[in-house]
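Labels for the chains are A, B and C, by order of writing; each one numbers its residues from 1.
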Amino acid sequence: MRVLPGFGLSLGITLLWLGLLVLLPLAALAAKAMGMGWADMWRVWTEPRVIAALELSFFTAAVAAVVNLFLGLLIAWVLVRYRFPGRKLADALVDLPFALPTAVAGIALTTIYAPTGWLGEPLAALGIKVAYAPLGIIVALIFVTLPFVVRTVQPVLESLPHEIEEASASLGASRWSTFRRVILPELIPALATGFALAFARGVGEFGSVVFISGNLPMKTEILPLVIIGKLDQYAVPAATAIAVLMLLFSFVMLLAINLLQRWAQRRAVA
Amino acid sequence: MSITINGVTKRFGSFVALDNLSLDIASGELVALLGPSGSGKTTLLRIIAGLESADDGKVLFTGRDQTGVGAKDRGVGFVFQHYALFRHMTVAENVGFGLSVRPKATRPPPAVIREKVMHLLRMVQLDWTADRLPHQLSGGQRQRVALARALAVEPKVLLLDEPFGALDAKVRAELRRWLRQLHEQTGVTTVFVTHDQEEALEVADRVVVINKGHIEQAGSPDEVYANPATPFVHHFLGTVNVFHGRVHDSLAAVSESDVTFVRPHDVGIERERDETHSIAALVRGVGIAGALMRVELEREAGGRVEALLTHQRARQLALEPGQRVWVGFSEFRTYAGDSVPGGAVPDYAI
Amino acid sequence: MNSSHSEPAWVRRTLIGSALAAMAVVLVVPLVAVFWEGLAAGWQVYWAAVTDPDARHAIWLTLLAAAISLVINGVAGIAAAWAIAKFRFPGRSLLITAIELPFSVSPVVVGLLFVLLFGSHGWFGAWLQSHDVRVIFAMPGIVLATLFITFPFVVRELLPVMEAVGSEEEEAARVLGARGWQILWRITLPNVKWGLMYGLILCSARAIGEFGAVSVVSGHIRGETNTMPLHVEILYNDYQYNAAFACASVLCLTALVTLVLKAVVEWRAERALNQAKVKGGVEA
């Protein structure tokens, strides 16, 4: 006997909803992949165009995640530690990339960083090409994944007791060594989680990147775009093979993020 | 309505919370379930309410088996330890909730509910808080609202889980008296859980001492206090001096494994040795313990003894730290060593 | 602020300055650019672009997909949160992980999943064709893709709130004789309403803005299967920049409204939580 009612009904709805909407489509993908066999799948994975896209997607996502590691820490630090006019507004603005449709971000960034754009023009004069180059993809991914590190680091920084910093200072540590040896180690699990979230999102991101990348095969074509290309040629098996690869990566990242979060929680309790 | 608990067992994983426990509660009784935390008393209360199901055994209300009857249909009033007031409802809405969720056929009209709510709120002297939200009330006020809410459905049984646990000493004392009064007025069968022996002895008609999932003793407050059935009860109801060994008239230890308990107010002190005061001790300290004086003594043979004297007696003796006195026990109780639970740690040895 | 845990003023100012400068370049410039480009050709062009029949149809389709997602993922999300927060059962943590799964799937892959199910060579393709039902390159496909993408938002926000509030009030209601639906409507939902709102806001923002998944299943048929973001894409690729940015600015506005609502709900939720803390706390 359970005290509260509705267990069967609520669990039933949940399983039906999850099964039909999520598990059934994933099962379709799995079945399709099984039907292909490893040899065919491997052949798709090792196509030069796929390898180039794979390298590009991982490279740009990694660079953007690293940039946001620093940028995110800086923004989180400033928002938590300092009081200045406009702080609340800045805090709310951090979520803009989550709220703004990615296609809108994509066309806006392309316009700004195009050779004739507000920032593209001066950069072009310096010989730096942003739009229609890997750098443009990185810029788009920096925009899209900016909130991850900020939002994972912020709560940890907020709950960090002042006492540990005071203790460090009272033991003669300088402000910089207090940050490096006392505060930063506390933030590492959160930073790692934020990095992983940003990286995972970056590899799968489509809308914001597709406009600015230029989509040149072998040069600026990202992995999701290769899937679309295959679909446009009705090469569904090849598209499936690439999707399986991306999905496997997603699950590995999901597992990694779960482990990181558990680590962060344990640290928070200790 | 009477309650019969028949061989109830409850396990949480490998932990046995209640071990084949049986208890009869007469209609109109006011019973305290007293025990340390983890003794299973709250689990028992929740099983009576239907908030927890027993793995084995039955709960009967006036002879009717309640197994399979949900908490919704048992007709009990339950007061939660932290009140569980509905935080987004006003006090009046909280109190009227039980009536307003009844099926249309038996639901009183809103005006009747309102009237009943105000009547109950007047009874708990909180009619002026009717339109406030729970977080605007003090702890004691919330407690009374929780009681009024439980009473609104006219329960046949009122169950209270540590009803005064989260309140400060003065409010507790007031609410205890008030709960007794309320019980006299309504006559509803009432069971409350507490870990505070003073509270149990003061409020209840009958005290049921529970330890490790079974009943150590059940009886009137006088009975359990004056005639503890087990060392655990003796130790749990008030402070005791514990001595290893059986106390003889000469206070010589006979059996090493036996244990003797003496309450501090049964310790007598004389300046000169006589027949009943034959243990030599030194005064270590004297201090006020409310209406009585507490004297800390150290036996010359080793071991500390605590005594409680009236202020008058203490003045007569004019005790000073370091002074040599003779100690005797007017009441004591010796238990066979194997009946002493681990919880009653012997502090002093004869 | 105490000097032992603060930096010299010049360090502070430099850090604040560089953080705000970075945010300005990364976040504010694109936002400004959208409105700037949208209005560059004047109000008339702007107005014509957003009231164009194709644009209006795209807005309608976007709102429809978002509304269906809100209802289905909202109701199922409440059910899932109830099952997970109020009960312990084998496989519970596996269920939580499974619910989070859609977050980690790339939008384009999501689109492909539905093509594999409902496309002409998919599992149900033949059956659908023989019954003359279109899912891919039609409205149902767009709705399904949006449902998948926004699947976890409501549960994810609801679950921690429900767990933090606990079940004592529900138990109290039960003892007072309340039935299941009465407990849900009168106790649980009012207690978690800010968490629910928050989840619904995030869900609708994502539903309105989704691009990749919808792009794969829509077929880009103007006036039929275009959502607002797809309409923006088509205009942009047609070099109708002003119209593209005009429509994009409408989406921008919804994003800004989302941010404001989010801030308000966060503020209210925090207040509700503090009150709950005061209530649950031991009397001083």
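For the reader, a short list of remarks on this structure follows.
The working rule: a contact is a pair of C-beta atoms (placed from the backbone, for glycine too) under 8 Å apart; a residue touches a chain by one contact, two chains touch by 3 or more.
Everything numeric in this text was worked out from a predicted model, so none of it was measured.
Shared contact partners of chain A and chain B, listed by label: C. Relative to the centroid of all protein Cα atoms, the closest per-chain Cα centroid is that of C. Averaging Cα coordinates per chain places chain A and chain B 57 Å apart. Centre-to-centre separation between chain B and chain C, using Cα means, comes to 53 Å. Chain geometry summary: the mean Cα position of chain A and that of chain C are 17 Å apart. Looking at chain A, one finds that residues 3, 5 touch two or more other chains. Annotation for chain C: residues touching 2 or more other chains are 171, 174, 179. Residue positions 50-51, 70-71 of chain B are each in touch with at least two other chains. Residues of chain C that touch chain B in their complex: 168-169, 171-179, 182, 186-187, 190-191, 275-276, 278-280, 282-283.
Across the complex, chain A meets chain C through its residues 2-7, 9-11, 13-14, 17-18, 21-26, 28-29, 31-32, 71, 74-75, 77-79, 81-82, 84, 86, 88, 90, 92-105, 107-109, 111-112, 118-119, 142-143, 146, 162, 165-166, 169-170, 175, 200, 203-207, 211, 224-225, 227-228, 231, 236, 239-240, 243, 246-247, 250-251, 253-254, 258.
Interface residues of chain A facing chain B in the complex, by the touch rule stated above, are 1, 3, 5. The residues of chain B lying in touch with chain A in their complex are 50-53, 68, 70-71. Partner chain C is touched in their complex by these residues of chain B: 49-51, 70-78, 80, 82, 84-88, 97-98, 101-102, 134-135, 138-140, 142, 149-150, 152-153, 166-168, 171.
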